[in-house]
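So, here come the structures, one by one.
Note that chain A is present in both complexes that follow, paired respectively with chain B and with chain C.
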Partner chain A sequence: MSDDRPRIISRRDILRRAGLAGAAAVAAPAAALGAAAAPATTEPALQAQSPAAPPREAFENLTATEAELLEAIVERLVPSDQHGPGAREARAAHYIDRALGGALASSRPAYASGLAALDRYATSSRGKRFLDLPATDQDSVLIDVETGAATGFAGSSAQFFGLLLNHTRQGMFGDPYYGGNAAFVGWDLLGYPGIRTMVTPADQKALEAHELKPNHKSAYDYETFNKATAQHDLHTHEDLAHGD
Partner chain B sequence: MATRLKDTDVVIIGLGAAGGVAALPLAQAGIEVIGLEAGGAMTRRDFAPDELRNNVRNWPMLASQKTKQEAPTFRATAAQQAVQGGHPMMNAIGGTSLHYWAQHWRLNPWDFKVASETKRRYGASRIPKGSTVEDWPFGYEELEPYYDKIEYEVGVSGQAGNINGALDPKGNPFEGPRKRAYPMPPLRWTAFHEKMAAAAKQLGWHPFPGPAAINSRSYQNRSGCMYHGFCNTGGCHVDAKNSTAVTTIPRAQATGHFKAVTGAIVTSIEVDTRGRTNGVTYVSNGEEFFQPAKVVLLAGFAYENSRLLLLSKSKAFPNGLSNNHGQVGKHYFSHHQGAPVTALFPFDIGAWYGLPAQGVAIDDFADDNFDHSSHDFIGGANLWAMSDRRPITAAGMNTFGLAPSWGSQWKAFIKVNADRSHSSYIQKTTLPYEENYLDLDPVVKDPLGRPVTRITGEFKDNERKLAAFSQDKMEEWYRAAGATAVVRGPVGGAMGASTHAYGGTRMGDNAETNVVNRWGLSHEVPNLGVLGGSVMGTSGAHNPTHTVQALAWRTAEHIVKNWKAIAT
Partner chain C sequence: MTSRAGICLAGLMFAAQALSFEQVTAQETSQTITVTSPTVKEGQPVPRQHTPDGRNDSPALTWSGVPSAARSLMVFCEDPDVGNPPPFVHWVVYNIPATAKGLPEALPIDPAAPLPSELAGAMQGTNGFRRPIYRGPAPPPGKPHSYHFVVYALDSIVPVKPNTPALTRAELLDATKGHIVGRGELVAIYERK
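And then the complex of A and B:
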């Protein structure tokens, strides 16, 4: 993948010089979708017991400043554009925020120092805080962070960028149970027809013919499965328990 | 002071793919068996199709604390400092057979005679420098009845290629002769698999569906596969994957002669004054127990097998149990599974559903199935085109230099191409070398204060040359099937902890160079058996579990037939 980089930079540099800010122009309509971003389901009964979180505007672990900055970053990583909603609409920042109090807790310090460093770098190199920059400048800041060229980070800025990108993808394309991929926008973008517990030969043929209807369900909308968490507890069966 | 428990005939350490199989023939013979398992028990309800948990956050390790806390350290060479990595294995009833891919290959006849066949055909100079490879103490024919036994007892689907010498062009023409067909037909193929098979035939190769310990139709009162796409590092929600947790273990329990104990971490294999083992010590919920037994079977996977022997020191065995010849931990290697090839096709592949054990195999370049006179390596590779795609992984696909990895251009790329890439799985012959071994880490310890396993190992010239050759073949195959872009992963590197780990307690007639004899029993401790890939001296170009289970059944059957001689 690292072989791709010089090409990416040059292409983006060209875009930047040409002043193309396509994504920003179409962000507004998609933002409206964010307000109705609860996981969609056609069955009200399922929705009532869905383990996926209801929309929560308050962040649980990030500070308001951090959250606002993270929202702006994920919006650039997966922008809302003519190809559909992006990471903001998927609530990727909310996914990250919640996970930072759980499975991703070890990354909390990296977010605190990385987000602060990113904003300082934006100010020192582009004259404005990240949030106040136009989208093209935001992208150029992110390219610096991606390539390790950004200064003022605890380690290499590239490492922080890798973390951000991975977690943003998790929040965009992971199971909505964890608070991201709202309204299944991530899965729809990829053309992933969703979680099924059975895929018949006819289903496979329909998939190959692009005729398989997307199935908008979390794994945990299926009652078949225990509502497992990442810190999965093993339960011990009585007949298998420690004995004599 | 450990609480002494009631005597039993056999204690098995670890109830995974190997130990879970050995329990059955012993219990069926009326021998009293206790299985000690460090993990807990899971059911199909625990196996949610959740990519974030299963694949991204490494569910097997999260779900079993022992492997997490005892992950081996690794380094490429003895000159380096070893660092602790992750652990791909799971502790639970059924062990890693709960979440493995379940490709269930027999080794080919050549794999048992790598040293002698290489010398015969190409000369002794073709054995790579520094390799400690030996022939197995027996040939394929000896193991055939046990392969057959596992295929029917555990349940394996597949297409036979050679029944008693009669070749079937639908199967693998290079497999050793088998006495009968698989009990189930192979898993189905998708349109993409058909396309890959047609491309292979066009190249003059011999494509066939691979074997899997997964029900292609209902078998033994369990469901056929549902192809839902979460088999990779996930358990089966309909019990169609034939882990020992749903096959041999419940049948052993039904005999009334087998009892599984969960949450039991074995800390030492004990010996009496005669140098025979008399049981094991284990810790459960902070309490120490001694489980006396007439025979001990060690089935804790390669890293724990060597480790537990090295930790079990006594007057008779000051350097670790069964290690008076200094062979424990030696001849270690892991399969060189790296060096993948990834291709981009100009059409959707339809890989969102299915499983990694479903696909098209090519054995034309495996083992010694082709003339190596003009090559500078020995051994070969199995090429495998499977189905395996999930959304987070798909979003992380290689962009083949056609797009950046984020932003609008990336989004446009991924929207079109998410279902258009395919990554190969190339299983390659890997050899043991003097410089690659397992021992105890001098620094890193588990919470009980015991050193973890340290891996010292790297893939050598033979592995790297073979990998490059197999990448050429894979690219040729992809291009023939219409791929428009192909990228290759790096070749070689350090051997981190692997699900395909071999050696450390190698099997062979010579006690100077092997830990266990041809029956899997220790050369030094006559009532101690070792089960698992750790007894295998060669890997072949195929996944190890079938061979591990065939050997486990064979060792258990040998103990049954010779019970008095071995147990007393």
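And then the complex of A and C:
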């Protein structure tokens, strides 16, 4: 994607707002996101593809239509630019898809109605489905959704936009274990050097000089906080959730 | 519906606040500017393409009667029927060259995109949605609101500090006190069912 494409939210905004959100997502206990239990989705969909079409991956909870639309939306919320890859490359939509089968399951109906309403609004106001609009018009649609000016939503469109943006940030800057922040692109964008169980004086100096190289490690790459622990915590929370 | 009727519909409180704003600007205004548009007509509904029910593009405006003392112009689109305090601001453009005869339709919504060359030096200010772009009328269903496309002529250029947010209508009115040498407006309405 070229650098000159308009963006709905500036990089500076994302970075400013993401600092805390990203840190919170990183620090969240494994059970906080039930999607951790879901297996990673890396297999291309077993469906006919034209030779020119990029391979499509299966989603677990969203329909193909919803997933395609969500991918396009997150790409506009955090587009790739000269600073690095954006939310599509971070697989933020895949994070959301997985989480909708777990910790974010309560948001599944909001996605079903919200995504359908957004596409209807794009068609009624701009004459084309969201996917078929140029980037500038997609941004214009999203701004109207953000400001609550878009019609056809259950409640204010701004509420759905807030949900989308919050989950996109999680998928962009959370621990890659949960399915987003692929290849640590979100942390690299923030300049976050990675989770460390020990920081030496030399590390501290390098960090302050912005010379500490990222270690590209998930929290679950450490034995003290591993996937087995995450699964255990998840099941414990599930028991509690269904126990009363 | 006329703009006056629209203000009345909005309630006495809003009307009173809008009136106080008119009084403030009238103190400084020395010459009336005539504002027209190829699409927006006085007292008529704002065309759909300038609202979020359509493409939400900014309308083209033209003006005449700019005083010879003018060095720059600024344009607001404001709804005196809402806002805390009123008016709610939909659009702000400032430091428009005094030689400009109007604004073209559909100014860019990307803040990084340049404005047309005939507007060199002009900037879009921060609107009520906290964005430096045009966002058209989207009143809550119930009754029509009035939308004032206001053009000011200034005998100065608004100082712009680098790396600071685009100015708001309130900041601009404050910064231009004593420098307004002309004013005109085009008033249309919009209603959502």
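Definition applied: the second predicted complex is superposed on the first by the 170 of 244 C-alpha atoms of A that agree within 3 Å, B and C clash if a C-alpha of one lies under 4 Å from a C-alpha of the other, contacts with A are read in each partner's own complex, and residues count from 1 in each chain.
The rule is short, and it goes like this: a residue touches a chain if its C-beta (ideal position, glycine included) is under 8 Å from a C-beta of that chain, and two chains touch if they have at least 3 such contacts.
A quick note: this is a predicted structure, and the numbers were derived from the prediction, not measured.
Once the two complexes are laid over each other on the shared chain, residue contacts for A:139 go to chain B and to chain C alike. Touch criterion met: A:224 reaches chain B, while chain C stays clear of it. The partner of chain A that touches more of its residues, comparing chain B with chain C, is B.
By the touch criterion defined above, A:149 reaches chain C but does not reach chain B. By the document's definition of touching, of the two partners only chain C reaches A:126; chain B does not. Once chain A of one complex is fitted onto chain A of the other, the partner contacts of A:195 are limited to chain B, with no touch recorded for chain C. Looking at the shared chain after the overlay, A:111 reaches neither chain B nor chain C. When the two complexes are laid over each other on chain A, chain A has residues 4, 7, 139 in contact with both chain B and chain C. Note for the complex: chain B touches chain A at residues 5-6, 39-42, 44-53, 56-57, 59, 62-64, 92-93, 188, 190-191, 226-229, 237-238, 253, 259-264, 284-285, 348, 350, 352-354, 391-392, 394-396, 398-399, 401, 404-412, 414-415, 418-419. Chain contact summary for the complex, chain C toward chain A: residues 52-56, 108-113, 129, 131, 133, 135, 138, 192.
Interface residues of chain A facing chain C in the complex, by the touch rule stated above, are 4, 6-7, 10, 124-126, 136-137, 139-140, 143-144, 147-151.
Those residues of chain A whose C-beta lies close enough to touch chain B in the complex are 1, 3-4, 7-8, 11-12, 22-23, 76-79, 81, 83-84, 86, 103, 139, 142, 146, 165, 169-170, 172-175, 177-178, 186-187, 189-193, 195-199, 201, 203-205, 207-208, 210, 219-220, 222, 224-226, 228-232, 234-237, 239-244.
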